[in-house]
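Please go over the structures that come below.
Common to both upcoming complexes is chain A, partnered first by chain B, then by chain C.
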Partner chain A sequence: MLGDRDILIDRYKQFLTAYLSGRTEQALYRAQQFSRKMLEQNISPEEVINMHSTVLQTINGGIPEEIRDSFDFLIEVMMGYGMAYREHQILRDKQKALESEIEVAASMQQTLLQGDIPVTDKLDIGVISKAAKQMSGDYFHFVQNRPESINVAVADIIGKGVPAALCMSMIKYAMDSLPEQENHPSMVLENLNRVVEQNVDPAMFITMFYGNYNTDIHRFHYAGAGHEPGFYYDAKNDNFEEFMAKGLVLGVSKTTQYQAFDKDIEEGDMILLLSDGVTECRTSKGFISREEIVTLIRSYMHLNAQEIVENVYSDLEQLQDFELRDDFTLIILRRSV
Partner chain B sequence: MAAQTCVDVRNEWDIVSARQLGRDLSKELGFSSVDQARITTAISELARNIYLYAGKGKVCIEPVKDVNRSGLQIIASDTGPGIQDIRKVMQDGFTTSGGLGAGLPGVKRLMDEFSINSSVDIGTEILITKWLR
Partner chain C sequence: MNLQIQKETEGNTDKLLINGEVDAYTAPKLKDTLISLTEQKGREVVVDLSGVQYMDSTGLGVFVGALKSSQQHGSSLKLTGMTERVHRLFDITGLTDVMNIEAHTKGEVR
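For the complex of A and B:
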């Protein structure tokens, strides 16, 4: 320890003497490099001043007493900076630890979110879900409980980051513990509503869309809890329309009832489900309008569902300068045959 | 070994007296200028805490000896409100974010040893030691 210190003082003396004899830029450059080295070794500002004063006292016959003592004054002044510097270092280490913890949590969440997306030749499915921060408050889930029955859930927890992610995990477990036969959209929402109402902070809101697609008769049975409206593409008339299911957000009242709706899906028709991260994309010109999103979707409509969602996402990402403000989820179900 | 010397802390001037006492003793013991500054800064912080939060208390300073080293020990004690959550005040960034100076973690880092005892409504006692290198 003392050895290192002596070496430092020795080098400081060497560099300072070199500077004082020629006052060259090169000597100053050395000083800059030296400061990096001192930072690496956690030398605090007051120690640097002390070093300077110690060295000055040994070269060119020393320094006047007044100047020497003035360094003690300077050391005292720099104490606050030294303490702030040490605290900064510790907080920086803490932040690193916190970040790596969040990374672990985020990858755990990814495993939670991962689920198989059903493959059927009757329905072309595309899904993309991206977190704005490391952890997502968006949730989607597919369950194929019978060969002809595909269930899809999209939920959006208002808020983002860790609190939203914690909430999302709860939704995931609540969904998993629903009886498998009970996949009537309105009943699913009523069940979840009770769970949310009992377990979630009243300041936290969860919106959800739940649908059941029957691939035998091509009928979509669905219900919504205050969820961002999606789009419906009517292939015959080549027309996009708003697609929504009215209902109160989850967790407001224990006894909320949800209404289910039915829609017959024709060949080539598309159901587009999304989270508000899609419609709340913001560029320098303001929010992206729903029409603009429709235009985007239209331009990729010749591709398959997965390619559409990926292209729409990458275009919106670019429009926002690669800065996602909210979690982003887009799902497309297109009747193939 | 020299006896313990104490300074009562009731106002801001007493902080200076406590510092002076720490300065004199640390100089006498042969601490370097940087360590002298560290010791007095630590005393300053503790005395300021007493003045600001407890109203009154005292700072006692005495030279100490271990088996093979000697140093300076400072005890800052008060009969103030005490600290409810010691873990919290020992957290970095907790007090400093409120602009209250270095805080106790800062004091701890300036010294070699640090211990704290506090009971709500009874008071706080902080013991710090710096050893001569």
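For the complex of A and C:
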């Protein structure tokens, strides 16, 4: 019985003699197919040359000694290529394994992040959050601990990808383990700051905005830890202004205190919270200015909050040629009645 | 995108002149240079940022790390010459209140 190698050599001989007798395109095409088959079977370049030399010695009365020896020389030369090829194969397998691990982690992160967006007839809420890579370093969270009390958190972890995502999981658990009565914005930030300061790399930090909306009296109580300023839309004067709460980023100093602010929200007013992925949008013409973002929001203001955030995102995505450079989060709270 | 770092040493003071963009790609290079200086007790490290047009949050993280390192090792860290764009980042993140940042090149009052 013929071994695999003998079968291959036999085939190679058929194809080669066919080519040498007619020099046809069809014979060349067979060579291409054969090459694919050899790749599948992990046959190295030097083995192919060896096969060529073996076959040449059996047809048309063999080849001169000099040429035969020159093939041995060529085999030596090709060994390096063969090794590089095998290494490449191993790396490709490893990469596939890593990719599938990251996919699992990303879907775990999605599950972790899933949370209900509160539904109330007093507040129209829109949320969009997209990762630049598979995993996101942006975090947002809504908690409705009493019917009239809606808490919202937005955080941006420095960097992107897996390290940022790991850090984000930590924030999520720290937030979940805060006692319910302690959702006062300053206290939340001070608690988280201690957790972050103790647990992350010195060059890592997190920015966060935390607010509590009381739908009975329409007052927004909020505090910030170095988070990218959002916007406030004043419906009565049809005016957008910067909305921010000053404070040091989380993770720099253990003893940082955070000041909380109050704002009374009028009918039709909007609070817009975002991550710096929104303002750091880079296009071929440079950065998108905050004014341009306001113009975008304005053009969709007649829609509901969810439609606004989705439209703004898709426009900004288009401006960046559909390639997000940073994680992107945009949240709108609009007082309905 | 490139980052050039030039060092001038005078007595106890090291002055770093930085040119280019400080982002996720260039931050490791800056971090290595900066941390090796702030780890030396009593060293005065001055970073001139007037040649930096763009910095992202990873870049900012390098300075947060350097600040902590200088507090831990008893060295000092001062940042000078920030452009408006870069200054805004330090301002928003509250770092202007905890870091030694010399007044703006353009004389902007914040």
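The working rule: the second predicted complex is superposed on the first by the 335 of 337 C-alpha atoms of A that agree within 3 Å, B and C clash if a C-alpha of one lies under 4 Å from a C-alpha of the other, contacts with A are read in each partner's own complex, and residues count from 1 in each chain.
The working rule: a residue touches a chain if its C-beta (ideal position, glycine included) is under 8 Å from a C-beta of that chain, and two chains touch if they have at least 3 such contacts.
Every value quoted in this text rests on a predicted model; they were computed, and no experiment measured them.
If we overlay the two complexes on their shared chain A, which of chain B and chain C does A:296 touch? Say first, second, both or neither.
neither
What is the contact status of A:225 with respect to chain B (first) and chain C (second): first, second, both, or neither?
A:225: touches chain C, not chain B.
Mind working out whether A:207 is in touch with chain B, chain C, both or neither, as first, second, both or neither?
second
Please indicate which partner A:91 is in contact with in the superposed arrangement: first for chain B, second for chain C, both, or neither.
The answer is first: A:91 touches chain B but not chain C.
Per the contact definition in the header, classify A:247: touching chain B only (first), chain C only (second), both, or neither.
second
Of chain B and chain C, which one contacts the greater number of residues in chain A?
C
In the overlaid three-chain picture, which partner chain does A:80 touch, first (chain B) or second (chain C), both, or neither?
first
Based on the superposed arrangement, let me know which partner A:153 touches: chain B (first), chain C (second), both, or neither?
Neither: A:153 stays clear of chain B and chain C.
Within their complex, state which residues of chain B touch chain A.
32-34, 37-38, 40-41, 92-93, 96, 101-103, 105-106, 109-110, 133
Which residues, counting only chain A, touch chain B once they are in their complex?
Touching chain B: residues 2, 46-47, 50, 53, 71-72, 75-76, 79-80, 83-84, 86-87, 90-91, 94 of chain A.
Within their complex, state which residues of chain C touch chain A.
Interface residues on chain C, with respect to chain A: 24, 31, 56-58, 60-62, 64-65, 67-69, 92-95, 97-98.
Using the touch definition from the top, list the residues of chain A that touch chain C in their complex.
156, 158-160, 201-205, 207, 225-229, 244, 246-249, 251-253, 276, 280
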